[in-house]
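There's a structure below that I have some questions on.
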């Protein structure tokens, strides 16, 4: 698949093209242009640094949805060994918008589960654009309980625009599936590490995102509602989906804000120019973070683990409190 | 166990305020049914627990009204009324909205919680109030629901939550979303102790509330014709290629699809609650 | 619904008709025929006793399927107070072929669950002829886990020809639902009493019939396959469904045989002439048996309860064993 | 971990006997594929693990063949071979059938159990043999499966069961039916100890076996094109108003419907078993 280019990436793409052209010429014509190339590359890297230092929440939304961004299976292939994918919820169907199975992290067995988007049109449809139906969440829960049964840690990779809310999904209780997963995950007796790698889309994301550690890539977004939806509903944005960039800013959907409000534990860096420019590099950062947190959690007793997980989510929220006579 | 007490004790002002922000058109003596258009004698309507006697439309109830038709007279003691909203995200217009709603409704939030008895059985109860930002769940709402479960757990009491909500509150962004996980975890911890959790779904019970603690009840009762589902109607309409089938996502449809235990007219709910509380209130002889 | 009359019941029905006619005449004409009536009634009762003492397994099959036989809801209404029916599996649908909910037995809360047949054509279709789909078994399991959560005993009433095996049922994993229920029931931490009240139809019955006490009405049948099906498959019966009576005999489907092989604990008597002639009387026997066994089980510790239940089913089966060199 | 060992060690007589009662037509050098009709060179077919190299039809395997393609060479030690059938119900012709089958197959029952290693991982294994009354489950079968789980439980070993069965055995009536409950309870007790149970579904995996211990495995692998379901084809045909859709209840259909984890060609199964055993064989650091 050809590299897609976001608007704010265009200056970078132009320099990339120039560099490629220069390399082609110097090779074809046997002329040494390495000094020029190096200078252009330096210039390109400076430009990237400059652009990426000033990304708006909406820019990050677009990056999180970038058609070339690595997806869960890309990370699974790079980070883990001997992945054995397991299918089906044992109730209704296999949902291709969620993948999961046994894998080995540095030689240790773990259960890995992730939302899965598709790359080309056909695969996008096959993966339902990464939007899960109840059967996807129920498959995930089945696998999590299997991991719990064998005392293995669980790693979830979050990257979904939202849960599916078609007729079929509502018919089979999409709300029930999301709610049950959150509850059951809060009770799991094994370590659970969540990595938000792209779009953390509302309840559809949260249904596999209740864990002991919540990690989030620097260009990922995590939101209660897609910015377009928020803009379309609220009069604050004239109910105009085109004002999504403003809604994205108001909703505070970036990793920095999530960390500031203590809703995530750590921001995972991405390679220069974003994960989509360097799959291996992105996976390396993700793996390092997961491994490190897992090593910490392995030392915690089961009782404390579940207790801490409860307290972690228990503390989320900001409110004022005054004593009342009827309190 | 009388269900009629509420009307006698209810203040006229509260009733009017409630109707104003709900779906009745008060003009003193008469109220128009928003479903069938029938002009109803307000006193009769109230006597009928705000159910249209022509088409059985169940008017939305403000939290004080709901408490009056649900709990034993005078038994309700509010908890956590001192919790109030903070606009941490500095979301546009949010402060003003909250101030206006608080002034109009006398509420700090769309979730009112406390203890009460129902048919003599003590319960911890939460009642949503749609007047307050469509009963949407933000940090205060989530905290109150969580404390509700924790109170039940501490005192070994069953929990009843009456839902009426459009979902998570956008204005608190990811903090609102996390209330789904927080309340679901609280419901889980409560449930592990073998305590009963009953939910009543009224119109509407949607999105972030429906897809979290609401669906986790042991027993779910729905009022007739309530809209219950994940996606708001706007989102749902965009997601569907076909036209919605009749009754789609209403209470009765949800029962057919296995998602609610029973659909009960408002007048029959309290009697059933009492039977359920009798079955689940005190610990059994065998336990996990 | 008019009383249906089985072939072997015809002599009884004739006497019933004569008695009724005599009563009508004596009332209309003001003549005292009570002596004749009494004699006829005595004769009728003798006849019933004689016929019911010699029922074949096939006769019992027909009795178990008798269109006037009381069904689960008939028993629930008579035996229990304040039944609150609960619906749905929280996964896909509500299955009307299984009913269940909270009820009170002598003032004590229990969870009661039963297969449910329909009386007239419309209700039969509504109840799918008492054949459950996966959602029925999953509803039953949900309710059983709810009972376990609150430490309440479970009473199941078995009366089904078989599990549903239509496309939809296979699609949604009817085998999985049956298997899971048997497994989960074997692990329940509360007393479970099973009463086979009509047809104990194969896996469709067993899916709600793993308990601490298995009771069976004297005219109920319990079989691995319907006699017609067995006759149609085996060459021993010329693969002729009409030889169902022979298959019924060979399959040993009566309560006496089940008791003899230690597959049930007790036979619940029925009123003279079968349960369908006297609903109240039948329910009284069932209630007495359930209450008595429940009182016994309430004294057993949870640990012993689950252990005994496992051992009970563990011992079912008859085989020979010789020591082998490779054993 | 070689998958080819079985052919070299397999006795010619055993191979012929197996084929006779399975679905190959042995004429020495050549074997006809029952699905596509291709005439296959028997040696090539065996080298290909009894999979047609034209249409990929997976021939049924007798239990010795199945063990050879599944476990490490020479690692299988049979258990409970001394269990045999008693015709308690005095079912017509049952004794004669059993005697004939035992003589023809050398088996006492359609379930062969024992211990073995797979890729070096010790397992307790059960293998169904379709030659013996269509791999149907009676008292002996149920007892062997139960002891299999109990052996796994006692020695903290994972269990693998290879299924190939028409269902419960009619000739033992209600005793057969109860094997469903007995084996399911055994699987439950085994599972509670946090031990791994893997099932392989081969053609056919049906009825009383499918609807009991088979479906309770943690991980279910199916061979391609295996018929898997509750109702036998005769019963299913009667129950259906419509014509069966293509692929109805075959392995791939079952995967689409969420009921099996993966469909693997025979040659790929052992490698996957080894990975699964690596993931599940020894207890983890956190436990229930």
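Labels A, B, C and D are assigned to the chains in the order they are written; within every chain, residues are numbered from 1.
As a working rule, contacts are C-beta pairs under 8 Å (C-beta built on N, C-alpha and C of every residue); 3 or more make two chains touch, one makes a residue touch a chain.
As the structure is a prediction and not an experimental result, all values here were calculated from the model.
The chains in contact with chain A and with chain B alike are C.
Comparing the CA-atom centres of all chains against that of chain A, the greatest distance is found for C. Of the two interfaces, B-C and C-D, the higher number of touching C-beta pairs belongs to C-D. Distance between chain centres (mean CA atoms), chain B to chain C: 41 Å. Chain A and chain C have Cα centroids separated by 53 Å.
Chain C and chain D have centres, each the mean of its CA atoms, that are 33 Å apart.
Among the residues of chain C, those in touch with two or more other chains are 90-92, 171-173, 176. Each of the following residues of chain D touches two or more other chains: 191, 215, 257-259. Chain contacts here follow an irregular pattern that is not a line, a ring, a star or a complete set.
A complete list of chain pairs in contact reads A-B, A-C, A-D, B-C, C-D. Chain contact summary for the complex, chain C toward chain A: residues 90-92, 134, 138, 171-173, 176.
Those residues of chain D whose C-beta lies close enough to touch chain C in the complex are 77-86, 88-89, 91-93, 114, 139-140, 142-143, 146, 168-170, 172-182, 184-189, 191-192, 207-208, 210-216, 229-232, 234-236, 239-240, 242, 244-245, 248-249, 257-259.
Looking at the complex, you find that chain C touches chain D at residues 163-167, 169-176, 178-180, 182-184, 186-187, 202-203, 206, 209-210, 222-225, 229-230, 232-234, 236, 250-253, 257-258, 261, 263, 309-310, 313-314, 316-324, 326-327.
By the touch rule above, chain B contacts chain C in their complex via residues 191, 194, 196, 215, 218-219, 255-262, 272, 275-276, 278-280, 283-288. Chain contact summary for the complex, chain A toward chain D: residues 82, 84-94, 102, 104, 109, 135, 139, 146, 148-153, 189-191, 298, 302, 305.
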